[in-house]
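Read through the structures below before going on.
Consider the two complexes below, in which chain A is the common component and chain B and chain C are the respective partners.
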Partner chain A sequence: MKIKASALGALAMAAVVTAALPGAAQNDQGEKPSFLRNEYQAVKPEKANPLTELISGYFFRSRETQALQDDDFLNPGFLWVEQGQDLWSKPEGEAGKSCADCHQDAAATMKGVGASYPKVQPDGKLANLEGRINLCRTQYMKAPELKYDSDPLLALTAYVRHQSRGMPVKVAIDGTAAPYFEKGKEFYYTRRGQLDFSCASCHETNYGHYLRADFLSQGQSNGFPTYRLKWQKLGSLHRRLEGCVQDTRGETFKRGSEEFLALELYLAWRGQGLPVETPSVRQ
Partner chain B sequence: MSTAVKPRVKAPAKASKGEIFEVKTLVNHEMESGQRKDRQGAVIPRKIIKKFTARYNGRVVFSCDWYPSISSNPYLAFNIKADESGTIQYVWEDDDGTLYEAESKLAVN
Partner chain C sequence: MPWCQRPSHQPVRAAIAFLIAAVVGGPVAPGAASAEDLVAFVVDGQSVPKPLTGTPGDPVAGAKASVNRGGGNCLACHVLPIANQPFQGDVGPDLRGVGARLNEGELRLRVINAKLVNPESVMPAFYKADGFLMPRKDLAGKPILTAQEVEDVVAYLASLKE
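Right after this comes the complex of A and B.
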């Protein structure tokens, strides 16, 4: 009887140990994400940030996906960065100007710019990099706006943001940006869709856990535009946000809409201090 | 990607005789499988790169056939043994017959 009891005790212990091992579940590539292997670098957030540590989406992905991002030659996102480099000095529009005519060498003039967007523009409206590029096109180049998520706009956005790679994200949330920040924060915590999920339901309280086959990250925006293997191409943050809202079975917003812009600002602040990874590679 | 197809190759410029070196290639191509439909329900015609060949001083040292399940913007890496100085040519053959070409020079000592 005594032996039986202790054997049961051992069984119970084993069950507890298995349950506590987060590595029990593996992703579909058969390789645990580095977050579960406890091999990740975290950035300490500011006091006001609800997260205790900031972790890039990079550490939530498999070794294979990380390898794609680590080597600039393998990284297919660079196809767009290169295209952006070509577009940078290509004159367009009635004014006959290119980006380079005003901004010269992007490696110098655009360094750090991508890390500080979205930003309130002189007209008082919040714009992200895509919006700023289109603003330049319509105002100074007298060229038509580029379509959101079109290859040329993705290419230019990726090229500009790539100039800030490795630099910490730092956005202004005070002054004229404050109302947008509040709006973004409200969006983040608002439950929506038939599933009644807010952004926080997955990315604040449940990151590092599996949602069925999906391994939840913190939903950080430091790697965008990102080459998503599912998309088989580079895509904007707003495309991803659209997917997120659809996943809650909610009605989504337009890419480039004020709602998503405000959310983009709030997300950037939540990841303030994380290095820009553009162009990153994700699952 | 809708822009012009531009293959990229990363290969060493020099190697010692008998050395086995790695060549990495990447080409931007949509690799449309022919299995997808557009919003109107019409099949999007297949357009993939169907063959890749590497020639080392004119001699085929590596080749492969590709099929619709290959991802877009395909990446390919393979090994070649260095035995003489010369040129390595890389050719990607599209469904429509277009050839995308690249080459690299190798000095063997």
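Right after this comes the complex of A and C.
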């Protein structure tokens, strides 16, 4: 892991940055995004993938937003990565253990792990990184679960996933994972809400187009947890999914729900081969 | 295309069934079972020739409904000649001049339910009240636009001759 700006420094930076972008936090239409300038890197998908090229959400954002992600000192997501690093070796729960007691140096033991999640656990259930972290807490640390999108859970998730930064996403979808994959795929193509949109309506059929001020990407998950300028903080993939389902003027599912977990697996597979960017920065 | 082969795409099927019923039979209320509040209309080929209300559409009100994010929000997907609206979408075709390309009845059908023309369209049906999966509770059973708003929007589109 590279050395980061101190937490305080990053906080100050985050404040400066967002102040410099009045209103632009929710759109970046000022200049053509790299996707439209034809300046982007694409990954070739596997045969079964409905997309002809896989493109990270990074290439759909403005230069300013990209610049924030590119520089670890400016990237406000590192506040959480650093917090995660501290939590990693902090004992919690009745067993008096920390993550490090079982997993030692995350840079070695967690390398590649974040790229392979969500994953079916020994109990047969699909878990994402957030879920796996909570499993370790309840089973081995005898500590209570951390709340979804709470700062400590975001921090640990971001810290673990950051150990896979640059590595290609690669999830298992066969065997015990297959039913979850099918369920996630079904979700992806199902139209919902009063507007009758499926995920594909925006992210498969219309990426590279503007939906009013929003420039539509492929809706890839390789950057999560992501620092979203609109949120002014790091946020989970499930928080983003909640927003997207609400954009259909539909009732949404809970963060951590079986529905979103299955969708997360399918999304990871749709982006299989894209590099992990955690912590990414988005508008 | 994968979307409409899926069993979850009942709305599309229902729309097709409705289209057939409407072409074959007389007036049919859309989704007649549960949306009896909607005004009945007749689809004639690619057109709904008769207005939904007795009050002629107001193009100025129609332009407003097209901008309104909680209402028509047509600007999400289309370019319209409306000043002071810098962010206009390009998911659908540019609508400048649409009033010269399509007649009033054709415009009306597309605003009521574009999926009756193209079942795979991403354009929402603006005058349809049921058949949606898990609509937001406060919106369940309601169309996006009222019959009068549909007429206003149609009048506005019809005025876009160039």
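Throughout what follows, the second predicted complex is superposed on the first by the 254 of 283 C-alpha atoms of A that agree within 3 Å, B and C clash if a C-alpha of one lies under 4 Å from a C-alpha of the other, contacts with A are read in each partner's own complex, and residues count from 1 in each chain.
The working rule: contacts are C-beta pairs under 8 Å (C-beta built on N, C-alpha and C of every residue); 3 or more make two chains touch, one makes a residue touch a chain.
Quick caveat, the model's predicted, so the values are computed rather than measured.
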### Task
Kindly classify A:151 by the partners it touches after superposition: chain B alone (first), chain C alone (second), both, or neither?
first
### Message
Taking the superposition on A as described, I'd like to know which of chain B and chain C A:83 touches: first, second, both or neither.
### Response
first
### Query
Touching A:232 in the superposition: chain B (first), chain C (second), both, neither?
first
### Task
May I ask you to decide whether A:273 touches chain B, chain C, both, or neither, giving the answer as first, second, both or neither?
neither
#### Entry: Which partner, chain B or chain C, touches more chain A residues
C
### Query
Does the superposition put A:73 against chain B (first), chain C (second), both, or neither?
first
### Message
In the overlaid three-chain picture, which partner chain does A:197 touch, first (chain B) or second (chain C), both, or neither?
### Response
second
### Message
Which stretch or stretches of chain A touch chain B in the complex?
### Response
73-74, 76, 79-80, 82-83, 151, 229, 232-233
### Query
In their shared complex, at which residues does chain A touch chain C?
27, 29, 50, 186, 189-198, 200-202, 205-206, 209-213, 216, 246, 249-251
### Residue numbers on chain B that touch chain A, as the complex places them
1-3, 6, 8, 10, 24, 26, 28, 31, 71-73, 75
### Summary
The chain C residues in contact with chain A across the complex are 2-3, 6, 8-9, 11-12, 69, 73, 75-77, 86-91, 115, 122, 124-125, 132-137, 139, 142, 144
